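Pasting a structure here, questions to come.
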Amino acid sequence: MVKVTVWNEFLHEKEHEEVKAVYPDGIHNALAEGIRSEGIEVQTATLEEPEHGLTEEKLNNTDVLIWWGHMGHDRVDDAIVERVHQRVMDGMGLIVLHSGHFSKIFKKLMGTGCDLKWREAGEKERIWTVNPAHPIAAGIPEYVTIDHEEMYGEHFDIPAPDELVFVSWFEGGEVFRSGCTFFRGQGKIFYFRPGHETHPTYYHPQVLQIIQNGVKWAAPSQAGKPVRGNHQPLEPIKGQA
Amino acid sequence: MVKVTVWNEFLHEKEHEEVKAVYPDGIHNALAEGIRSEGIEVQTATLEEPEHGLTEEKLNNTDVLIWWGHMGHDRVDDAIVERVHQRVMDGMGLIVLHSGHFSKIFKKLMGTGCDLKWREAGEKERIWTVNPAHPIAAGIPEYVTIDHEEMYGEHFDIPAPDELVFVSWFEGGEVFRSGCTFFRGQGKIFYFRPGHETHPTYYHPQVLQIIQNGVKWAAPSQAGKPVRGNHQPLEPIKGQA
Amino acid sequence: MVKVTVWNEFLHEKEHEEVKAVYPDGIHNALAEGIRSEGIEVQTATLEEPEHGLTEEKLNNTDVLIWWGHMGHDRVDDAIVERVHQRVMDGMGLIVLHSGHFSKIFKKLMGTGCDLKWREAGEKERIWTVNPAHPIAAGIPEYVTIDHEEMYGEHFDIPAPDELVFVSWFEGGEVFRSGCTFFRGQGKIFYFRPGHETHPTYYHPQVLQIIQNGVKWAAPSQAGKPVRGNHQPLEPIKGQA
Amino acid sequence: MVKVTVWNEFLHEKEHEEVKAVYPDGIHNALAEGIRSEGIEVQTATLEEPEHGLTEEKLNNTDVLIWWGHMGHDRVDDAIVERVHQRVMDGMGLIVLHSGHFSKIFKKLMGTGCDLKWREAGEKERIWTVNPAHPIAAGIPEYVTIDHEEMYGEHFDIPAPDELVFVSWFEGGEVFRSGCTFFRGQGKIFYFRPGHETHPTYYHPQVLQIIQNGVKWAAPSQAGKPVRGNHQPLEPIKGQA
């Protein structure tokens, strides 16, 4: 059983009627509903809860954290960012969605500016699979169409992903590396592009399938924890005075 | 249930008493015994069987093929190499062990010479985990010791692996990229270094654990099969006479 | 001074009036003319010359080989393919253009099927830079427009490139990894997509700039040649009977 | 002409007689002396200068910054770290040496803990070339021996390097990814392991050759600067109300 926590800043849905109409219970609950399944157990957390809902206890019981944020990036407390970062270093999976590209935690993990092009024109997106052998592409056809989405375009200022799984085409002339994986510390990170708050993208069955696949891929591998610091030689040191 | 076929040329064990003493039923049966477990079903195949034991039917019922060869590389029929290659392109996993680095199938998949340094001195090897987040490292400590092994050293003439999981240290002064993954076509390939025929390496519990992890990682992802060839435009083509 | 040989099968230009109109002296001469510059010296070779113009002497005097082929892939002699492959292993750079994706040499170096989608509709292509730090992108803006080109689409069945430099957008709805680098043996390989024979793509200044950059990047590094085979220990072997 | 600035915290050399004996004018001056050559122009900067010697003007006139730090990591001002980070994002090359793995700038660029094993036993190190085609390996034999160095061992907690060029073997039983490149923003980063302050490593001709090669590789590519933010469609947006 993989334990997932879906974190959402949950601000747009309270403030903008247009967004509330699409996600009346918040993006986090739509996502939780959409990915809950055999082998995946889901809870949620939001910005305005104490400690943003990300207490030590909750994170210690989270195998994979999903992150959606946008207008409230600056309101996320640095101490919580540090805590999430440490958990990723210790093996927790992290899935960063859409505008989460500018979240403190994603920028800290990437080490780059994470900027990109964008346009809100509700245009057509095609998400092409470029690594069909990857487990995150399991069951996904050669492309997924989203009829109306916000455009994100290159250059996306991230490190070259360890694995590039999806590349998006946009009607207005841009491309975007939409599905990117990163190994960091003992954790696995999956960035997945779609999900503007005014579009019903998180009800799209293939988008949900990809996120479920991402959850399974990012779950901790239970590897032996590396030992660091000062060490005795494993072999006798020869040739010294 | 992952269906594994262990292929072994099975020549040394018949011809050399020293090898027969270590693997009386052949390397393939030692490996089959060692990795058979809940969720992993294993059969074997050898060089001197008709079609080297790799009939179309058998390969079509194989999720992951494990390959051990050495003195008989040249005796493997090109048509069978082609058949295995096609199955990897279609999604079958492939685990190439030790001297399999010089097999026809591995060289064809890599596109390079696949040469390396070697020395038969029964020296100590330490296999260090350099990507502890990788599923193939699950449950493996920071290093695994093999007391007596053949040395393999750099430069190992392969493409840079898509993921480097293990690096070996040898007593005599060399290093080697010992655990390497490659995505090719829709298939996943894992090269794992240890296993000289005169040493009981395939009874080593952590070596077997790594191969089991490799089997789970390399099993097909059931991704949608890409469509190729000549295509109609998805969007109306504009701007043409 | 980097010594370049441009190889072209030079068949379309003799057989098809439409192509001859665009490249009256052949694609090879257009390319040679377009990239010859300070520090880059260029000669040509074609399929119907003896040994396809790729004698041992000529290859030994080539730092970077550029390859354009299409309808004549099968007419390239296996022995010459082997010779070019060996030179790449020994450090010669190789730039494969457009339909060269299906050449024997490229398939041999990649180890995969190298298939892709295609459509001849003379549609618009935008080549986006996704790695602006890469030397092959030097002086290239964030995207290059080609007004009329053949479409190539994913899934492009190659190994994940060591470095992904460009991704193309096509009017009809596809994306393509258009600028890909691969380290193989001691050689460096650059695959670059554009250049259908019916379009004047190899007169496009930015396309030529990218190929020139590719030549400089792919030129041999003069690294020390690795030594392989059986080796004596660098350190005394301890712990043996 | 590539303009290099060698930055050194310059503390050990003032405080420890043992270090002063090896580097009487400081590590920065030994390095500057060692890499200055045709095409490479070198200046220095140290921690205790105003703004650590890294004024805006100086950084704007630096193509490649070399960083050596150890006991004074915490004394580096966050504002200067931010300034260096921004310059790397804008295309300045960065070479981080030895104990610089724990510098603020390297940790910020990597996004991980950057921890490792270590042992001060003056033991033998062999630096093996694993990517002989890489320009940083130009002119370097298959391995470089350093007779006495501090050991650094895996797991080294960094992102998988974009290119792995060197792997070290240590007498006492460890391996280490010693030569690692990273593309970040428009900048190129090279981490190179050797150089403990008590050993004369920065007088070693092959160590200096590798750093010179790194300088040439990391120098800015003069790529077009990507444009980001809100964008107009390149193509007419169709299908909207």
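Order of writing sets the chain letters: A, B, C and D. Residues in each chain are counted from 1.
As a working rule, contacts are C-beta pairs under 8 Å (C-beta built on N, C-alpha and C of every residue); 3 or more make two chains touch, one makes a residue touch a chain.
Quantities reported herein were computed from a predicted structural model and do not represent experimental measurements.
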Far-end chain from subunit C, centres as C-alpha averages: A
Chain pair with the higher count of C-beta pairs in contact (A-B, A-D): A-D
Whole-Å gap separating subunit B and subunit D, where each centre is the average of the chain's CA atoms: 36
Centre distance in Å when subunit A and subunit B are each reduced to the mean of their C-alpha atoms: 32
In subunit B, residues with contacts to at least two other chains: 124, 126, 129, 131-132, 142, 153-155, 160, 162-163, 171, 173-174, 183-185, 226-227, 234-235, 238
Residues of subunit A that touch subunit B when the two form their complex: 91, 124, 126, 129, 131-135, 137-142, 162-163, 171, 183-188, 221-227, 234-235
Complex interface listing, subunit C residues touching subunit B: 89, 108-113, 115-119, 121-124, 147, 151, 153-155, 157, 159-160, 162, 171-174, 182-185, 226-235, 237-240
Residues of subunit A that touch subunit C when the two form their complex: 126, 128-132, 142, 153-156, 160, 163-164, 167-170, 173-175, 177, 235, 238
